Each structure stands twice: as C-alpha cells, then as structure tokens.
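These are the structures in question, set out in turn.
Across the two complexes that follow, chain A remains constant while its partner is chain B and subsequently chain C.
And then the complex of A and B:
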C-alpha cells in the first residue's frame, strides 16, 4: 500500500540514500550541531541572574531543561525552505515532479538522514555537558524517554509543515527564505529556546499557547527533562497543529505546482 | 501514443526599462505582456516512432516537450499522451514516461549513481531482481561499469549523462522525452549515446521525442522531424522533405578541363560562382537531368558533384533570418 506514493521499500531506500548523502557532509553537520549550543548560553545567563526564581525551575531542573531544549532542537531542526528554494530555482524540482512519489517525502527523508548523522555529535555534546555539570545527570525512564521522543517527532512534524507552507510560497515569491525569517523571530522567543515559557508574563503565556511555537521546544523539552507537564494538553495541541497544517500544506503545494507549471517549470 | 491538437502556451512576463526611472516605474506600476511560446501546434506520434524536434533557442520546443510530459499546463488546446492528460501527472502516466534534460540532473551529486538507481527502483516499484537485471543490461549497452559505484561528482560529463540515461530508463518507459541529451558531450560520447538510443528503441519499441542542437543526432535517429519556429509548427515529415522545402534547388559543382565564360552557363540554372575551371550552379530539381546532360554536352568535365545543401546550414540560416 502507498501513502502519497510512499511504501516501506521506498522509505528504506530513501532513508538509506539520504543517510549516506548526509554522511558526506558529516563535518558540516558536526559544526551545525555545535552551533546549536544557544540553550547552554542561555542557561549560563539565567543561572547567574536573579530572575531565575521566576522561571519556576530550580538549579538542576533548569540545567536539565536547557540540555533537553538543546537535544530537542537538534532533532527537530528544519531547513526545508532553504533546500526547496535552491531546488526550485535550479530546476531540480522538475524531475521529482515526474516521479510517482510526492516530492515532499524526499525532503522528509533528507531531514531524517541528517538527524541520524547528528546523533553522535549531539550525544557527544550532551556528554561534555554532564562532565561539566555532573549534578544535572539523569536517565529518563523508558516511558518518559518514549514520550519525549514522540513529542520531539511531533515538534519536527510541526516545524516541517510550517516550513513547507512557507516553501510552497516559493512558487510565487521565489525568495521564501526572506519569509522564513519572519517565522524565525517568534520561534526564537516563544519556543522555549531562550527561556522556558514560564519566564513570560501569564497573559503572554496564555496567548503564546495558541501558537505552535511552545510545542516545538518547550513542551518536548519539559517531557524529556521530567518536569511536571500536562501531557494530554501538550500532545493534543501538537496533534491539532499537524492536523491543521497538513491539508494547508497540501493545498498550497498543489496550487503552487500548478503555478510553477504555468510559469514554465 | 501522442495526440496534440491546437496546443498553445502563453506566458505573462514583466517588462522593465533600464535605468533608475525604469526601475521606479517597474516598482510602482509593473507593465506585463503576454508572450506566446507555442501557438496552435498540432501533430500525432505513433507508438515506436523516433521523432526529432528542431528549433532555435526560444522557438518553443522545450515548452512543448514539457507540456507533453506534464510539467507545464497548456494555455489552450488538447494533449493526450499514452491515454492520459499529462498535466494531471497520474501515477500510471508517470510510470510510462521519462524526461531527460541535458542540463538538469536527477542523480544525487555526492553519491554513486547506484544509490539513486536503488531509490528509483523502489519509487517505480521494480522488484530488486528485475532492477539488477535491467541495470546490468543498460550499463552494458551504455558501457558503464565501475562508474556506477563512483560519486556522481567524480564522473566526466559523458559518464554522467550515460548514468542519467540509465536512471531515467530503469523503469522501462514507453515514452522518452529527451531534451538535448548530448549537450556538451564530445563526439565519441555523442555517438555512443546515439547508438544506445537507437538500440533501446529497437529493443523496447519505445516512442522517442528528441530535441537537439546537433543535427547529427537528428539525422542519425529520427526519420521524422518536427520543426518549430517562433512557436508554430513549420514542418512535420521526413528530414529530406524539409531539406527540399528549405532549399528548393540542388547544388551542382563542376570542375572543367578548360575555363569557360559566364555566358556559357546561361539556361543551366543560377550561377553561384565561377573561378577558373571551378563552377558552382544552383539547379531546379525538376530540370536537373536535362541540365546535367547539357553540361556534359557543352563542356569537357573533369569532375561533377550534385549535393543538397547541408541541413544544419539551412536551418541555421532560417533561424538567423528569423522568418520564413
């Protein structure tokens, strides 16, 4: 059975080739993993600040939150807009459109291949963190780990769909990366990468919870670090965003391909 | 296999004048105009035919090719390819066609072609054993060996093109759309690709529609030629009929034993040049036999040649003139 042209054999072949492809860029990916240490910088800032008490997380919990934020970010990072823009502009999209497989699957496979390549580097950085902060060391329970893994995957799915929505605008604007920057700013502040959501005033928190951003880092990071969190509300919101974004992406994609075709492919 | 009726494609393009005033005008009040890339083109291609698609840059041949394979939506007209409307890109249609563009690639740049072939085999649902057999057959025909396990970026242009062809033909398409498949290849590589395409057509009975700037590709492979000029179909038929249409006269070259004055050639056609003993005439094909008999009667002839002007020269001239 095929879902949007995909079956198990294609998944295996795509993942295998994309993992091999990403391994070719392992040095670059190691640098990308290293460049994702923003949560550790924020941790050192918050640790030395009197405002720490307002976060509702004590010393060790704060360490674990930011390490979790780092790990969640490593495995939910999406660069769809950049890859897609390049493919559309260079005409690499045309052969993909002529194969009986939805082109978006290739990008999903590239991301998963990249995540697998990142794994040892992210684990190494986490190891170094524990060497520096041994008191923060913890091993989540199997159930906790699986829930965190699922929440991170859902975060990746939301981020991927959000970027696919913007990437589809490439069919109209050709420079969707500029639009992606508009998304990056609220992501940076409201996702939980710079500070846990509890750092914001309650009114802002209430408002932000209606956006997809806290479910990209804050929620999965709290699940991983073992913070008390409303799992049903978190997963429910993640699922709602996926269900909302998926048809939007497919509709915009179809309209975009029609326009791409109208403009000369 | 392919039916095209009154196919047209119009693009809307923005016009911008140079300079600051032009830039400001372009920013504030963009002027757009419609450009007709393809106009009222009709033709039909039977299964197994190899058809050459000729035309200058911008004549509309790539646009037509892209409409036939479903990459571009037509503005008007009807296209039916293998029983499908191409622009719907139905999976069954996609499994029956392939598009090879000389300037674009589908192989993953940093990996050996074999990795891309495995992905293609999975995407097209070709069982592993069948895929291995086809890869062996096609690589044999294309003279590809260890190149299949070397990263694409390390391959020469010719090797890369052959690997692209292999990837594009792995699912044994019935219809091949080839856009400049020999572009940039050296003479030997061009020849090998040509031989391969002829052999593939013979073995599988696939229909081939080929565009190329190299006349040698067309003359070697395509008994039938479509010439598109300024978006319109100018010729549909055998290549030699195109030649007689573009050049209704034959070239006669004479080498005489003794020089003769220009007046001696009156009534023998149009005198192109006369230099000592060498004479070039253009003669109406209908009176060629009579003219040759008269020449042999009037002059002592050391050598005589009758030629059609080279087709690429004729088409080149046509494109340069920009009108028919």
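And then the complex of A and C:
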C-alpha cells in the first residue's frame, strides 16, 4: 500500500541512501553545524545588556532559550531551493520527474539524512555549551521533549514548504534563489534566532504573530526550554501554515512541471 | 603597476556589464540590502531605550559601529564572496591552471577578478550611517581624525580580506571547505555591536584571534576620539601579520597544487 506514493520499502531505500550520501560529507556538515553559533553570540550580548529585563527570561531561562534556539535551527534548516535550482539548471530534474515518486520526497529524504548526520555535531556543541555554563543544564521531561520534537518538525515542514514554493518558481525564472534571500531576511530578524520574540515592542509582536516566522524558532525553542507557552495557539498556528502552504506548493509545482521542457528551460 | 590598473579596469568593467544583464536581480539585491539594514537597526534598537546603553555605548555611538559593519558587509558582498568563493570552482573544474599560466600575479587575479555592484550600495549606506551617528554624537571631524579613520578602515579591510583568503585558499586541498567561510561569517556578525558589550573572554577572542574588533569598534573609537595609540599600533601589526600569512599561505598552497583533480 502506498500513502502519497510512499511505502515502507521506498522510505527505507530513500532515507538509507540519502543518509549514506550525507555521511560522506560529514566534515562539511560539521562546519554547517558550527556556522550556527550566532544564537550563542547573541546570548552573550543579551545576558550582559541593560535591556535584558524586558525579555521575561530570567536567570538560566535566557541561556536555555538560546541553546534551544540553536538546536531548533540545527534541525529545521532548509537548503532545498539551492539543491533544486542546481538540479533544474543541470537537467538532473528530468529523470526524477520520470520516477513514479514525487520529486519533493527526494529532497525531504536528503534533509532528514542530513539532520541525522548533524545530530552528533549539534550534540557536541551543546555539550561544550554546558561545560561553559553548567548551571544552565537541564533535562526536559519526556512529554516536553516529544512536544518540542513535534514543534521542531512542524517548523521544518513550514520552512520546507516555503522554500518549495520559491523552488517551484524556478520553473519560470532561473534565478529564484534571489527571492530566497528576501524570505531569509524577515526570518533572520523575526524568527527568534537573534532575539526572543518578547524583546520586540508589543505592536511589532502582534504583527509578527501573523507571519510564519516566530513558529520556526521562537515557539519550538520555548517548548524545548520548558518556558510557559500557549501550546494550543502555537501548534494551531503551525498546523494552519502547513495546511495553507501545502496545496499552494502542489498546485504551483504541477503548473510548473507542465511548463518544464527539460534542460535549461 | 600600470598594467595591473588597466587589467583591473577591464575586470570590473566586464563584471558590471554582466551584472546589468540581470536587471531584476539587481533590483532584488538592492531591496535585500535595504531590508537587511532596516532589520539590523530594528534589532539594535531593542538593546536601547530611555537611559539604556550597550556596553557603555549610547545609541548614536552604536550607530557608528553598525555603519562600519555595513561597510565591511558590503565589501564582503562586492568583492570577497564573488571572487574568493570562486576559487573552489577553479580547483574543482581545473580552470585554476589557466589562471596560473597568465602573466599576472595569481593572487591578484583570484582576488579581484570580478565584483558585485549590489555590495557597493551597502558600502555607501554604511558610510552614511556612520557619518550620521558621528554627527549626532557631536563629533568634530578634523583632518587628522579623518585620516586616522581612513587608515584604520584600510587596516580593517586588509584584516578582513586576509581572513577570508586564508580560508578560501584551503580549498586547494579540501575542495569542500567553502562552508568554513560560513563559520567565519557567523563570527564576523559579532562586529555589529561594540566590543565592550561582550563578556571578557569573547573580547579577547575578538581582538586577537578573529580580530573583529578592528573592523568596527576601533574605527568607531577613533572617530569618537577615544582610541588608544597602542591599540592602533596593534591593529597595524595584526593586519601586516595576517596579510603576510595570507600571501605566504597562497604560495605554499600553490606548491601543493597538482593541477586538475588533485
């Protein structure tokens, strides 16, 4: 039986091959993991600043927030549009389209394989963090951990769908990655990677809550760090964004494939 | 020397012509520059408020630091990324051979072959922001101060270039180290804020190991008239050391280059 074109054998083959592929590039992935240190730099800045009191994250809560933000980012980072653009430009997409499997699954599998490869490096960086800040150490409850895992995967799903939307535009324009830059900027400033959402003025916060960005880092990070957070509202918003984006992506993809005439089109 | 100037003019003339072929791209890039600066200012403003300072720097003074950071971010976009980022492609595709055979210094060629005009707008915006911050802080610009600031900006540019080049040159051995520059970018982002805002161990790291301090904080201090002479001398020494290291590392790397698919 196949669900969305997948059955257990296909999933195992896809994940297994992509994980093996990513393991070959483990040195590169270790560097990627290390390039996510920005939350720690921001943590050192926030913890010594006068503006700290307005964050609502006292004591070790701030350390835990930024460590969680780092971890969530590690496991929700999406580079699909770059891989896709290369495949489309070089004509590698054509054989993928002939297979009886939606090509997007292939990209999902390679992201999951990459996340698995990244796991030990991310854990190592978290370990170093706890060596430097032992008082911030905490073990989330099993329930909290599972919820955070779910929230991170939902964040990954939203980010993946957003990039797929832009990637589908590659069928019309060869330089769709330029649009990705425009999407990345609001993500960088409003996702909670550099400053918790509570740092922003209330008017900005209210406005940002209507965008997908705070549900990509801020919400999952708060769940992971055990901050009191409105779970129903957060998961509800994440689900709403997935439900909104998924049909859009599939429609745009189908229209794009119809336009696609292989190699450089 | 004249030959190098003429070559440089040709390099950049053709780069500009190529870029203007993709006009929509230029518009998107310019929009990204403006959005990025707007976001950075919003983020910076979160640290300030009535009576609040960041590491002893007030809002206007911090604007100078942010301005200089924007200048060097522009330099990265305009020159470092398009040029040094391509080294890995030359190695992988074997086209570095063609560069080495040309009767011109190979480091000059790989460092200045092209440029991205979008970065220039960032440089201009950054200088404008720094000037505004200086004006608001009541800085009186004497020729001596201006000269020192320009000198320190040059020191900073040399340090930034050398750091990038050192990492980019390792792609002669490890074709895939391009990601290492992403790590460098993440660390350099700390230069958006004054050095004094960081805890002491990081301050040491950002002064001596990855001298981010000399990119933004030191030129801003010069502008505000509170830089100490020993620090400026240290900046000069560091930039000379880093540049010499970059140069000798390139020559060393080329000795290990065994042409395509090495």
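Following the convention adopted for this analysis, the second predicted complex is superposed on the first by the 260 of 265 C-alpha atoms of A that agree within 3 Å, B and C clash if a C-alpha of one lies under 4 Å from a C-alpha of the other, contacts with A are read in each partner's own complex, and residues count from 1 in each chain.
Rule of thumb we're sticking to: a residue touches a chain if its C-beta (ideal position, glycine included) is under 8 Å from a C-beta of that chain, and two chains touch if they have at least 3 such contacts.
Remember, predicted model here, so these are calculated numbers, not experimental data.
After superposition on chain A, the partners chain B and chain C are seen to fit next to each other with no clash. Applying the stated contact rule after C-alpha superposition, one finds that A:98 touches chain B and leaves chain C untouched. Residue contacts after overlaying the shared chain place A:9 against chain B, while chain C stays out of touching range.
Across the overlaid complexes, the C-alpha centre of chain A sees chain B and chain C at an angle of 90°, to the nearest 10.
In the superposition on chain A, A:17 makes contact with chain B only, while chain C stays out of contact range. When the two structures are aligned on the shared chain, A:246 is found in touch with neither chain B nor chain C.
Once the two complexes are overlaid on the shared chain, A:27 sits against chain C while remaining clear of chain B.
Once chain A of one complex is fitted onto chain A of the other, the partner contacts of A:258 are limited to chain B, with no touch recorded for chain C.
The gap separating chain B from chain C at its narrowest, counted between C-alpha atoms of the superposed chains, is 7 angstrom.
Touching of chain A by both chain B and chain C, each in its own complex, is seen for residues 25. Across the complex, chain C meets chain A through its residues 22, 24-25, 28-29, 31-32, 35-36, 39, 42-43, 46-49, 52-55, 174, 176-177, 179-180, 182-183, 185-187, 189-190, 193, 197-199, 202. By the touch rule above, chain A contacts chain B in their complex via residues 5, 9-10, 12-14, 16-17, 20-21, 24-25, 91-92, 94-101, 258, 261-265.
Chain B meets chain A in the complex at residues 11, 63, 66, 69-73, 87, 89, 91, 94-95, 97-99, 101, 103-106, 108, 110-111, 115-116, 118-125. Partner chain C is touched in their complex by these residues of chain A: 25, 27-28, 31-32, 34-38, 41, 44-45, 47-51, 54, 173, 175, 178-179, 181-182, 185-186, 188-189, 194-195, 199-200, 204.
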